[in-house]
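Sharing a structure here in structure tokens format.
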Amino acid sequence: MFLPILFALSFLFSSSNAADFCVGDLYGPQGPAGYSCKKETLVTVNDFVYSGLAAAGNTKNLIKAAVTPAFSAQFPGVNGLGISLARLDLAVGGVVPMHTHPGASELLVVVEGSICAGFISSANKVYFKTLNKGEIMVFPQGLLHFQINSGKTPALAFVSFSDPSPGLQILDFALFGDDLPTDIIQETTFLDVVQIKKLKGVLGGTG
Amino acid sequence: MFLPILFALSFLFSSSNAADFCVGDLYGPQGPAGYSCKKETLVTVNDFVYSGLAAAGNTKNLIKAAVTPAFSAQFPGVNGLGISLARLDLAVGGVVPMHTHPGASELLVVVEGSICAGFISSANKVYFKTLNKGEIMVFPQGLLHFQINSGKTPALAFVSFSDPSPGLQILDFALFGDDLPTDIIQETTFLDVVQIKKLKGVLGGTG
Amino acid sequence: MFLPILFALSFLFSSSNAADFCVGDLYGPQGPAGYSCKKETLVTVNDFVYSGLAAAGNTKNLIKAAVTPAFSAQFPGVNGLGISLARLDLAVGGVVPMHTHPGASELLVVVEGSICAGFISSANKVYFKTLNKGEIMVFPQGLLHFQINSGKTPALAFVSFSDPSPGLQILDFALFGDDLPTDIIQETTFLDVVQIKKLKGVLGGTG
Amino acid sequence: MFLPILFALSFLFSSSNAADFCVGDLYGPQGPAGYSCKKETLVTVNDFVYSGLAAAGNTKNLIKAAVTPAFSAQFPGVNGLGISLARLDLAVGGVVPMHTHPGASELLVVVEGSICAGFISSANKVYFKTLNKGEIMVFPQGLLHFQINSGKTPALAFVSFSDPSPGLQILDFALFGDDLPTDIIQETTFLDVVQIKKLKGVLGGTG
Amino acid sequence: MFLPILFALSFLFSSSNAADFCVGDLYGPQGPAGYSCKKETLVTVNDFVYSGLAAAGNTKNLIKAAVTPAFSAQFPGVNGLGISLARLDLAVGGVVPMHTHPGASELLVVVEGSICAGFISSANKVYFKTLNKGEIMVFPQGLLHFQINSGKTPALAFVSFSDPSPGLQILDFALFGDDLPTDIIQETTFLDVVQIKKLKGVLGGTG
Amino acid sequence: MFLPILFALSFLFSSSNAADFCVGDLYGPQGPAGYSCKKETLVTVNDFVYSGLAAAGNTKNLIKAAVTPAFSAQFPGVNGLGISLARLDLAVGGVVPMHTHPGASELLVVVEGSICAGFISSANKVYFKTLNKGEIMVFPQGLLHFQINSGKTPALAFVSFSDPSPGLQILDFALFGDDLPTDIIQETTFLDVVQIKKLKGVLGGTG
């Protein structure tokens, strides 16, 4: 008796392919909107769950910090959904150096410790504050910003982004960690050549 | 004499590939923005025309209703164009049960008969009214809504959507027509277990 | 006993202002995204329902056709929702002249009679076909298109748009119904001056 | 000597008004894209920081859970930035009942305890899993989903959204917490009248 | 000693694939958002540079004008980036005939000579003006517009578009340069048959 | 006789308010999508034309360069249209220092002279090249980039943006031209304090 309802509506369900989500197929063609979609029949709950942020990042490095991303390249479940996440571990004295996300705004929540965070606007106004556990701060899209562990204990934060693939441009790596010629850096930043060469030495820059 | 104009402008026309439309290739890769485009040279007027809504849907079922979609999966001509359509047939006493479209707003026009239609907002306000022939109603994106034939004759309506693949989540099928465990349903809806099991029986739910 | 749940969740509901919809306030400031929102407390179901398409348009005119819009200016309930509708009445021999919608794709469904409809692509390919009752056709955004009653009875169609304010530019009115100087028309369309003046006479153009 | 550079570039900076951000003015007109912008000269770092999620929500209620939002209505700094956040407190046995966000995808990270979370797709497939501390799960836009404290200790999670004002529609409140008539609920959900009236009693529904 | 920092951050950089840009692969599948992305490892600076606009277009034709596009089909570097460009050469007496770009607004800057440019709004208001060297004019999306060399020397302009593939529909080619039947043109434009046949003769129209 | 057609279509034209364009009212409320719209009845062709880029910028300054914007704040006609423009004057030896546009991609066309232009990707790859007259280069959204007059004559370029209000963050001004504390700059950029203080002296930074 109830079979008719199943029949009448069933083709609707088959029409919903790729309407709800588009789990990224990292091996298919990419387009401006993201990765191709994994076939819906192959999708399981594990495509929507990611455990890669459960363990603390290794902060035994120069900046005493680790950023662990769950962007669409690591967590293909967010592909096409307009959101992604990363984990921030900051040892005592740890710093996430001045950087931008070219394609997304960022929202940070402090889970452990305290973090001094800030950004600089196009109008060259500086907005920074020390955030304690549970406090949140938003960093508008594309602006230079930073995070510093301002406390005496390790700090942990989660940062979410308004894009599944927000990009990350760390200022020092962009300037001193590639083959951008020293004279171009000097001309476009007014930094002294000695300073430029010193940081190229640290960060592996050539040219 | 007029050949020059043809020559001067002709490469412009070849540059317009895929600017105007992107008829869906149901067999190519899909991305977050929709289906891949069928080659423009293969596209004919028949890609932009669909006859699948011309015939009434079969309303001889429990809900005395039929919804016939012209989404991008059925009508690939709308792929990428931000719009789609469906036909609603409601026999006397027919009902389109409580449902949502996760990715689109809906605009209904009554073509025959009268329909009691409504939606519920996030603020838990109920908006419903009986619509007569020629009247229209808009249902904002993602909200629970329903349509009931409130007259003594069959009703016919066309519903358009602000997305070529709006999705459709029918509440009863989502809760009782799959393998969502009874205890989870009970905990997250406060429905009685007896009620849940009764509807699972009707709609084919397991678990 | 159940008061706690109401209390715990109640401020969530107050947070949903303007999340669901933004009924247009035709007297407030407009922005690039549409009209300002009417206060949610003043919104009733009547803001989401429109009766202006229920009556046939008057086709006793030169083109034997009438287009009755339900855009955000007439039906503020669609403001911000990415969709709108219009009613097309075509008497025998009626024509909706060559036109474009600068900001939306269009989806037409024939409700009565038969309509010959078509559009021209950027690549100068013509796509047209005669549509019978229940058939639908999509017209990609911004392209020249037309509709002609191709039958021996009056025709009725509903056309939906992928924007609440799709705009409408009727070719003849744009060229011959305003003060565009005759010499500019001549230079930019290659039409003969006699032809231009004749149509300016019909459509009220000056200049 | 360096005054010229300041002069030459200074008007660029004055041109950047509202390019970077648009802190919501809760008392100005709202539009489809969000709140009006607070004057940039009045904006301080405190507009980008919010402390309202620092304290645990009160879980002494029927569902043993509390959801504390930082949407644009509470945290105007996110207005226009495509992102927002909420805090989820779940006591032992706590549940966030079946609900949708009509305008956003959601990304959850477990900070304390363990949470069984899931969603149902348009194709009526159920995706659910128990998440432990540090694990994350994404819920695609507009789909029914839920969260249950599946452990023996309180659970804490932060959920971010792909929209500054994602909306929230809790199924039980939508059906049983307003004035939706019992007969309409019955017709559109197939629930028994006795069940409906019981839940209306709990949740304050009338009609 | 500085190796740790390289290690800690290095996987971030590998995660930025396709976040920054999506140089079009003209031979891969296309979707509604544009071309597939060329593999990032194959991308060089030459993908972001285009020399095709350096030479003047050939204006020895009927309209004494040439439009040279740098759309995504010619300059795949702009794919997905929301912008494109074209070069306009107008000999003395040259004209870019009445046309529209279905998917983009246009911004023109006069580099040499003077140009009389204008557009017509949906409200049939005509906006036109003679622009001298260095002056700019914006043409809102989808509206009919034109450019005429109004001076006694050749004119040069660059026009940018708000879309990498803006499309181009030249009115005369759309009406008279394809197989649109004469009777349909006559019915939908009110032009005289003699006029239509004359222009079909010039522009190669059949049908 | 032709009055009927005017009557039948006239209310359509009145419905097109603000569909075509939204010239910015710099004194009305702003929202996330831009300025409020100037009343259509007050709009003239002069709202769509801007002469502010006709004169060369003053390059007698430290960087021997001038950037003259035609963003929505200077040229309200582009408000809501997804595009804007700026003029770049570079004297011999002139430089537009390292900078980003947080909200737009940029497309540069060299009109006079030659310019060495480049950008750095999130993956720390450097893309730069010397462009001659008529050559164009695209800079993807939000990435650090620069332009240097690489010739022996003054250079002129026009740069268009994929947003009417693209923002501009010049690295040196962001770091050294405001009150960002020296210790924060040092910690987040690894620059030496002496270097920081030297550039603060030049650019007016305090703190």
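Letters A, B, C, D, E and F mark the chains in the order given here, with residues in each chain numbered from 1 onward.
The definition used in the following text is that a contact is a pair of C-beta atoms (placed from the backbone, for glycine too) under 8 Å apart; a residue touches a chain by one contact, two chains touch by 3 or more.
Treat the numbers as computed from the prediction; the structure is a model and nothing was measured.
Participant: Going by the touch criterion stated earlier, list every chain that contacts chain B and also contacts chain D.
Facilitator: Touching chain B as well as chain D, we find A, C.
Participant: Same or different for chain B and chain C, where same means more than half of the interface numbers show up on both copies?
Facilitator: same
Participant: Could you quickly compare C-E and C-F and let me know which has more C-beta contacts?
Facilitator: Most C-beta pairs in contact, of the two: C-E.
Participant: On a C-alpha centroid basis, what's the spacing between chain E and chain F, in Å?
Facilitator: Taking the mean C-alpha position of each chain, the two centres sit 21 Å apart.
Participant: When the C-alpha atoms of chain A and chain C are each averaged to a single point, how far apart are the two points in Å?
Facilitator: That gives a centre separation of 42 Å.
Participant: Averaged over CA atoms, how far is the centre of chain D from the centre of chain F? Could you give it in whole Å?
Facilitator: 35
Participant: So which stretches of chain B touch two or more other chains?
Facilitator: 13-14, 16-17, 19-20, 29, 31-34, 102-103, 118, 121-122, 124, 128, 140-143, 163, 167-168, 173, 202
Participant: Once the touch criterion is applied, which pairs of chains come out as touching?
Facilitator: The complete list of chain pairs in contact reads A-B, A-D, A-E, A-F, B-C, B-D, B-E, C-D, C-E, C-F, D-F, E-F.
Participant: Touching residues of chain F toward chain A in the complex: what are they?
Facilitator: 95-98, 100-103, 116, 118, 120-122, 124-126, 128, 140-144, 146, 148, 167-169, 171-175, 177-180, 184, 187-192, 195, 198-199, 202, 207
Participant: Residues of chain F touching chain D in their complex?
Facilitator: 29-34, 57-63, 65-67, 69, 71, 73-74, 102-103, 163, 165-168, 170, 173, 202-204
Participant: Sort out for me which residues of chain D touch chain F in the complex.
Facilitator: Interface residues on the chain D side: 1-2, 4-9, 11-20, 22, 25, 28-29, 31-37, 79-80.
Participant: Give every residue of chain E touching chain F within the complex, in rising order.
Facilitator: Those residues of chain E that touch chain F are 13-14, 16-17, 19-21, 40, 44-46, 48-51, 53-55, 70, 75, 77-78, 81-85, 87, 104-107, 109, 111, 118-119, 121-124, 127-129, 131-143, 158, 160-163.
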